[in-house]
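Letters A, B, C, D and E mark the chains in the order given here, with residues in each chain numbered from 1 onward.
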């Protein structure tokens, strides 16, 4: 029996009197690009954080290729091949761009001991340079990441999620603040990863143009629950979604 | 080019270290040795603080652990070369244990935990006199004798310390520029992101802490044969603060910052001694002025100045290419 | 039994002083994200201002106290903020921490060099005297310390939470850049914080010096213990300082009486470690909210 | 209304603004677009007194405001919503809003405005008593935008308001900006969501490498093929055939 | 110890020395040579004190005056010993003179000499069966405490409460409360001056009625100033006191206050006589010879009639330990009153 790459079962999370995520279940199939949309505060980021070990879900379970990963720490999940970005800018501000990206890959290379006594860059400089090239920030290679503009940091953040060649990547609003031309490039990149390496994506985005053209399937969350699921076309014409989220 | 230039500087530094005590009185030699010993402790703290961003006020407690273990072993006839690794290892293990609170709390709170630990160590050393000699401390520890090279004479002990210091620095250098060092920095700058990138922050936090502590243990282990007398008061909280001061004054996060800082903190009272009763005041004011005018420490200041002299204006690479429209 | 009541009472009274000094830590932490290692000295110094007023300027006690308060506000509040905090604020808490350590040394040395290295007697602010309730001695001094402390802390909490200035102070402390963009006079708010701290330290000084004696080094221990009280109670809550102070005062006395005198100092520290491990935000503190 | 003349400035040794020059029309919406890292946010910081300016002038209402502090600029009627996340974390949503009007003389008016911005962003009313840090990313952005509307600014600087907002709210915000403009407020906005932003703007400005490259009506820019190719997404634009936002 | 915890004692000691030097130099110095002094502040830190003593030796010091703090002295005395430089210390911990160091000399009793003088008082005057001891938990206090406990055992008196406290402790509520409920016949108080004052105040506050007996640090002028009427009734054995009804000491006290504007305590006297002893002994030898100096000191008695500036007849034994007459004093109406004079120990 083949398992879906990621399967989410009845995950719930509560903060005080706010039910942020309410009994959410869905599967992510190997190789798909899944969109996750919904109004502000509908629990998208919280759901990500529950899947990735930042929060402990109050109930429910998460499985990766059939094996239970609920309760694992974020670093364990990363080592299992899940990359992610955060909604807020999240880089290492005083380290250079290239160091940021190398750090994103080094834990996947060699052992603890070889990382202490081996080469300082763990042999990753080439790969890191290639990656920042993909995201068009090569010219910023030796700048401290904190001095980059918002959009540039967003791109760097995305680049870091790919450094360890993950099989599943969860992106929280990767397009926010990114210039339209760059955004086109970003979309191409994601699609290239998807088709060349079979990387699977789950993307939270409020930029409908981006989501609709990128994703093969979309899940809509509202007040913590899934209210719709379907292809971009289905979602665009779904009246519940229009009322709750897209607006007239 | 840059690389060889740096090596040249290192060689000059080493030569100075070797030449420094020649023709000096015992006091100068003693002070130089204790400068190196404190440099080791401060470099350890720099790893924990400057690279990994964990404030520790326990460095003197780890020195105490190293010093007492070395003292007890050498007093019982065990050679220093055996006692030292045991002392360092114990500090390392203790560092791991104390590091556990660091997993739950960060930054300033960690400072408080370590502060508490320092005081606890002090109390144990003072109260458990069956082992530690209580307030009287321990005395009469031998200096190591390596057959051909006996460190009994102050000058010999100094060269012995230089030797240890150089080895230690090389090890430290390897650590900070390795992926470990990068992970330490990642921990300091954005722990959540580091964790999401596969960095085992628990392990790295503990290691950053324990390696720094082990360095403290090594310093303590040298302190014992240097002073040949140890008592709890020499490892009280105040001394942790002094080591912290060394790191900050020299420049936290700069590799040789703590060495400069230790020099300043140890030498400044010397230099100011002629002012008699006022010197502590002048010392305090100097520290404040230093911090206000070079918040990145002396090494940081040096870097800023040299950059000013070398380059006038920077053009960012992306702004070099010119407009596209 | 009498002994227990006695010990608890004394503990509460001492604890209330710890609390007064501890608020300073929480305030300064909130305003400047730093720990004032000179806080103990901030409590030590005003007593000497008063002594100078009495012994050198020939003032009566009440005037000398006003004089001491004014000097404290000027030196520990305004000057401290202008000279140290302003230039260092942008460099992060650590530089400031070191600077405050240096200031602590400076203050001690100044007092020692220009006043005296020896402890000085100091007049009591509140009436002496005690009631003997079947073996339990209740001193007027202890009771008034407790009351003063409670009033101050309730007042301060109300001020910070319920007045606009109080909230501006909080805003300036939590996110200075944003507060500035909104038009909050951040520098002024930070100044207020330091002035309030100076006033509190002065008050603590006036209350505690008759017991502890005026001495250049008397701030060292007080600073440390107030510090622990602040954390134990909860660093982001003014009333946490009260809880922490009282708890430590009582616990310290009980330990010394019933458990161990040698390890008396260790008890607050163990409490500290326990709190940090199991409730890092402190007994009354609140978690700081989401991080991702 | 606002004119920027030959502005040079940057961070420390690094110069970012290289002689930026522009005249911003009063009572109109001007949208600034440009690639990431062009210096758009830097221009805002320059206007709001948060940047080290080497030379050049910024004239607002006939006065050179270079060197004035944020507080002084607020007093002159400039409000600024920075990019990214900018709330007071531990204060409640309501108290955050209240701070937005802290400089106003008429506090009753601020109160009634708080009420009306809460109508615009119902989530803020719902969460009025929670700490700002607990809100979701988009809710925090709502709070920020709402906060900027509490005063009567003459000039509103708003840096990428759409980041993190759900599409219906983006429309709401753009509508509000238009309403403000109709009441005589000058709005200067940065947007990467350039097509919808330019559509509601009177003027557009293209910034590149710290210089103003083009300055025209919004419509002209939208239809300019060079702009389209370089900044509006080139073939990305051609590929996607729909445009719901 | 001019700064740090030991500052008060160290400063007094220094002032006493400086006063003596001024007088000696005014009267022609030692063997016609004026004395030169260099001061070093150990910051009450033993490590630093060790460095400084080394430095003084490097600088060719003839004698080293100090240190006053036992913890410092025990560290730095070996440096002086190895270099063969005589050292006149103010420290009182017993073990200083028990390490066979031929170059160390005291200016005051070690605790193992002073404390036994009290045994008789407890046994005979107070007829105590059960006593309590409260002491400061550092080198100084522990020395006194250990001697006291041993003495009581010898005298068949029970020590029923044993209460250590930290140096610099401020809050004695718990200590006093424990003493109160212990029900001892007398309390031996072995604390530093300031702690003594705080202790006495708390004892008064809680109405502790038990007789309080101590060493010089319980009844010093400083303590009386600080504790006010709470000090009344405290009894102590005092090796040296400015209040002793001995004219030479009272005269010294006047000179001292005239010069420094504050009163001397026993540390001031220690420094003063220590310095004068250097002059007397050197002139007896007729040369600045460190070895001879040390040899001469052992077993030497300086008679106050021939050597007026010793203030009291003072002898040193072969360990550098000192013997001299001493006093029992009691605080009455805020004044130290000498009740008995205790003959010099043999």
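Note that in this section contacts are C-beta pairs under 8 Å (C-beta built on N, C-alpha and C of every residue); 3 or more make two chains touch, one makes a residue touch a chain.
Note that the coordinates shown come from a computational prediction; the quantities given were computed from them, not determined experimentally.
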item: Neighbouring chains common to chain A and chain C, by label; value: B, D
item: Chain pair with the greatest number of C-beta contact pairs; value: A-D
item: Chain A and chain B: spacing of chain centres that average the CA atoms, whole Å; value: 41
item: Length of the line joining the C-alpha centres of chain A and chain E, rounded to whole Å; value: 74
item: CA centroid of chain B to CA centroid of chain D, Å; value: 48
item: Residues of chain C engaged with two or more neighbouring chains; value: 109, 262, 265, 292
item: Set of chain E residues in contact with two or more other chains; value: 3, 137
item: Sequence positions of chain B contacting 2 or more other chains; value: 127, 192, 277, 280, 316, 318
item: Chain D-touching residues of chain C, taken from the complex the two chains share; value: 164, 167-168, 170-171, 174-175, 177-185, 236, 288-290
item: Touching residues (chain side chain C, partner chain B) in the complex; value: 29, 35, 37, 84, 87-88, 91, 93-95, 98-99, 101-103, 105-106, 109-110, 113, 224, 227-228, 231, 262-263, 265-266, 269-270, 272-273, 276-277, 280, 291-292
item: Residues of chain E that touch chain C when the two form their complex; value: 3, 5, 7-8, 11, 137, 163-166, 168-171, 173-175, 177-178, 180-181, 193-194, 197-198, 201, 205-207, 222, 225-226, 228, 262
item: Chain B-touching residues of chain A, taken from the complex the two chains share; value: 52, 54, 73-75, 78-79, 84, 86, 90-95, 99, 102-104, 106-108, 115-118, 120-122, 139-141, 143, 160, 163-164
item: Touching residues on chain A, where the partner in the complex is chain C; value: 45, 49, 54, 86, 88
